[in-house]
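Quick heads-up: structures coming right below.
The two complexes that follow have chain A in common; it is paired with chain B in the first and with chain C in the second.
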Partner chain A sequence: MAKSRVKKYRGGHVIPGFGLTLGITIAMLSLLILIPLASVLGNAFRQSPAAFFKTITQPNVIHSFETSILCSFIAAVINCVFGLILAWVLVKYEFPGKRILDGLIELPFCLPTAVAGITLSKMYSTTGELGGPLSKLGIKVSYTHIGLTIALVFIGIPFVVRAIQPVLEKMDKQYEEAAYILGASKTKTFFKVILSEIKPAMLTGFGLAFARGIGEYGSVIYISGNSEKERTQVVSYVIMQKLNYLDYESATAIALVLLIISFLLLFFINVVQIRQSRRTNNV
Partner chain B sequence: MAKNRKGSEKKVDITKIVLIALSVLFVFLMLVMPLISVIVNSLREGFKFYFQSLGTSYVLSALGVTVIATVIAVIVNTFFGLVASWAITKFSFKGKQVLATLIDIPFSISPVVAGLSYVMTFGRLGWARPLINAINNTFGTDIQIVFAIPGVVLATIFVTFPFVSRELIPVLNVEGTDEEEAAALMGAKGFTIFRKITFPHIKWALVYGVILCTARALGEFGAVNALSKTRGETFTLPLEIDALYLAGSADSIVSSFAVSSLLVIIAIVVLIIRNIFEHNAKKE
Partner chain C sequence: MTQKKFLHTAKAKKIGAAIMIAALTLGTTGCGSQSASAEGNGAIKITNVSYDPTRELYEAYNKAFVEYYKDEKGIDVEVVQSHGGSGGQARSVVEGAEADVVTLALEHDITLIEEAGLIEEGWLSEFDRDSSPYTSTIVFLVRKGNEKNINDWDDLTKEGVDIINPDPKSSGGACWNFLAAWHYADLKFNGDEEKIKDFVKAIYDNVTVMDSGARGATTTFVENGQGDVLIAWENEAIATVKEYPDEYEIISPSISILAQPSVAIVDENAKKDGVEDVARDYLEYLYTDSAQRIIGENGYRPSTESILNEFSDKFDLSMDLATISDFGGWNAAYDKFFVDGGIFDEIHGA
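Right, the complex of A and B next:
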């Protein structure tokens, strides 16, 4: 951080407290987040590569990754569709109860995941409020991949809505009007003009919901049933299982793979966001 | 809206109605139904049973642990949020974007991995264990981290770490640095600048960040689950809910929903406060 000195004469540091606040920030971040995460890496790397690969290529581990990634992906796609509709309705229309609707979107952020988990599991079980009627139609939800995906839709929806909403609010009406005046139909205007404007925000929301879904634990472990045979175990559940058996080697090996996936997604989200801010600043 | 009136007024209205109906239906099925379901399930055995479920020694102990962990996590993260958002928004330096991204890590990693990371630091195989042992030997203390209250507190801090800074950074970015620079040039000291100039701008964002942080800290499950194994001692409310639910008997499931209803009420209160704050912030 010695580089900050060089910048001083550019007049950036008139405001006091740079060294102090940056120092505290980096110290707390390192002690509470980075060093503990590094010890997961350290423990994973302490194993021989052969043992590491043996752990992460066990059938149940591979299946758990497939399940987590696939279900989170589908849930994030569903969330993009409904997230866009919700954000659109909340920004463009006025109707009674709008404020309540807007407030409720945030519910999955505030509701403890374990509470969401047991409630969804009960609701969609064959004796539950929604699971009952659905099972009569031959659709089993709780303890299947469908249930798992529903839980992930629940968890992910606010990420997408809250990513798209501000962009829609700020979007210049001129584009829409210009396209309309130039003769584009409403549908065409939407797909060609509006959708391309909000695409980066939608990707960000998608990435956040997807990342959250892959690591999700509390809200999915009850509804998924965690059956090895049915392949409904998620990655977090497998890590916890290894941890409970005191199998730290396996737990850290799987956690390392999960961490790499999370970081890749985080990187992707950041690239999208930086591009987005560059674009809006240039315009 | 005006331009809609020109042409196909009826058609536009249909789109609007369909989209609103879809939204309301989605929110009702996905978000409102679970809330109703918790309350209905928790009262299945009547009010007497409901209050009985809340008064067991396990639940009271879990409530105590939850409150301790939440209070400490909120204090630590509020302090961090204020300091970090000041460093990130008031100065330009290399690696700023990287720092902001690193702070957001707890958002995108699995809570179970968060819990695991403390087990690997302070647990049986952890490199910091000899350090803790040395401290205990020197001072005659008996500090335990993993499977004890400090572990629960640390896990709670980890998962709620970016909550306050995330609310403050956008607000401070919009506000810019002109006012603070002017104050500094006129000779104001750091803390005075913060108190008189910055604080009034971030008041609402700070309150909201603290509330959201509190809500998440109260409900954290995955990370704490990895670090807390003793029911009645280190269990938090979500862990107690889990234990009751997994006990499997009809009564214990109703009890677990009764305990859940407490957290649901808190979640709803948080949502209402948020709604009011957002409204106030927009008015200002």
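Right, the complex of A and C next:
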């Protein structure tokens, strides 16, 4: 009796069949991700390697990569700091309106990015509600790198918060207590105990926000001003420039480089994470 | 218990699958019956893929055309409109978007569709005046009072004038702004290319926000309050002034460019849908006097001379307008100015 129950338990997954589920997984992955990405690859290599390198080494293309990467990096760093604080507040404290605040975090995910972009550019332009006072202080936000970064902070914040939140929730309070008993200062506890515990999650959030920022189009396009002179063109804008003239080869060539950068980034973060978890598991 | 539960979920799953299959079949047959009605006794549906600022124009025009067609031929027609950036719209048609006729901003955009094999060669001479039933030009939109005293292209080169102007590298429509400025400088400096470049560079140096398209530039100028002057299509400028008569005014420069938006039947699609005749009648009707008046009322210059003159209070007819053939045709202009490393990059590169 007991034996048969054990058997049943082992075979009785809620989702049936390894073959079936793997089949569906591969089919979905192929249809939605692998085949489209392969076509990007194919299109990019339709031109000669010389033309490919000429396309991706043009000054405006290189500038756009610099702009995208730099602004996304800064935005991701800002998101890590504020994302941690936000997650901390949401997990550790009880206050009225907490649920609403919690829900608001996800707004950047569901709001069409163009809506966010237009709204931000209006608010932060020199005549806007927020940009007006700032411009009096000599800070121009819309149509500069600052504005661009703000848009990227906006779209990236949920990644960091949602990555850190569950880890903070699960974190045993005993760690903090132990640190306290062992005489660690508050700062030391934070940096040596809490931060090292949430570092992998934070890194995931950072990577996702960073990678998303590099490829972002809708929200940055209205606030960046798209000036080659001011170097506020982002990579996705340059890709759209090419697409608007049906220059698929150049567009896919640039897209391919973008893809490789994002891939390397996520790969690197995964490697760091695996190392980290190995270390913590071995302790 | 567990088995029963499992059975339950399996059953539920089967039912769910059945519903989904049913929905799918219903959906497809639904579509099928719709296309059947196009050929049957219902309304004939044609799709007009156009660009952004023609929304209001075609709303009015479609109404007139549907009425005319019902009266004249006794046939019900339904016109489906699609609007977006001209280049993007052309791209979507190339990629398979449903379009029986295209009415786009640039001859070049329609050429792209022709090159994809969807439009037959010779479309440019299929309708009158190079298949261009209405035209427009590039003008300046300034804030009421014209504080910076902008009257012609020279004033745009002055220091301290903030210009909003879309990016020609991103939008075909924005190329006209550049070409208009170039043409003015060309006449001013008698073709001395170095001087022309300096002049146009001075204008583009004053551009503070370069949006990806004409609509975006209008938003930046009107909604976000940026800049002193917007270099805009006349029809967009007229629409803006109509909406905010106390806030903006139009300045017509002495010299500009004649933009000729083109129309064409997307032969392949129209044949497939069996609506070739209606599509042809739809575009031909644009040239009738009543349609030309609708065009004038919506801020486009009618191509029929006599009707254009009826609107002489609306359009500055004394402007000296160059055409794209003065630049050797669109492709030549594109290769000279807007390709990577072309003149535009030279004067506006970092």
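Here, the second predicted complex is superposed on the first by the 244 of 283 C-alpha atoms of A that agree within 3 Å, B and C clash if a C-alpha of one lies under 4 Å from a C-alpha of the other, contacts with A are read in each partner's own complex, and residues count from 1 in each chain.
Definition applied: contacts are C-beta pairs under 8 Å (C-beta built on N, C-alpha and C of every residue); 3 or more make two chains touch, one makes a residue touch a chain.
Quick caveat: nothing in here was measured; it's all calculated off a predicted structure.
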Query: Touching A:Leu243, do we find chain B (first), chain C (second), both, or neither?
result: both
- prompt: Quick one: chain B or chain C, who's touching more of chain A?
  reply: B
Message: If we overlay the two complexes on their shared chain A, which of chain B and chain C does A:Ala50 touch? Say first, second, both or neither.
response: neither
- prompt: Who does A:Leu137 touch here: chain B (first), chain C (second), both, or neither?
  reply: neither
Task: Have a look at where A:Gly103 lands relative to chain B and chain C in the superposition and call it first, second, both or neither.
output: first
Query: Touching A:Ser227 in the superposition: chain B (first), chain C (second), both, neither?
result: second
- request: Considering only touches as defined above, state whether A:Ile118 meets chain B (first), chain C (second), both or neither.
  value: both
- request: Could you say whether A:Gln58 touches chain B, chain C, both of them, or neither, answering first, second, both or neither?
  value: second
- request: Determine where on chain A the residues touched by chain B overlap those touched by chain C, and list them.
  value: 12, 118, 122, 128, 222, 240, 243, 246
Field: chain B-touching residues of chain A, taken from the complex the two chains share
entry: 1, 3-4, 7, 12-18, 21-22, 24-26, 28-29, 32-37, 39-40, 42-43, 82, 85-86, 88-90, 93, 95, 97, 99, 101-116, 118-120, 122-123, 128-130, 150, 153-154, 157, 177, 180, 186, 208, 211-212, 214-218, 222, 235-236, 239-240, 243, 246, 248, 251-252, 255, 258-259, 262, 265-266, 269-270, 274
- request: Mind listing the chain B positions that touch chain A in their complex?
  value: 3, 12, 15-16, 19-20, 22-24, 26-27, 29-35, 37-38, 41, 76, 80, 83-84, 86-88, 90-94, 97, 99, 101-121, 123-128, 154, 157-158, 161, 177, 180-181, 184-185, 189-190, 193, 212, 215-216, 218-222, 225-226, 237-239, 241-242, 245, 253, 256-257, 260, 263-264, 266-267, 270-272, 274-275, 279
- request: Show which residues of chain A lie in contact with chain C when the two form their complex.
  value: 8, 12, 55, 58-60, 63, 118, 121-122, 125-128, 142-143, 221-222, 225-229, 231, 237, 240-241, 243-246, 250
Task: Report the residues of chain C in contact with chain A in the complex, numbered from low to high.
output: 2, 6, 85, 87-88, 90-91, 94, 112, 167, 169-172, 205, 207-212, 216, 219-220, 223-226, 340-341, 345, 348-350
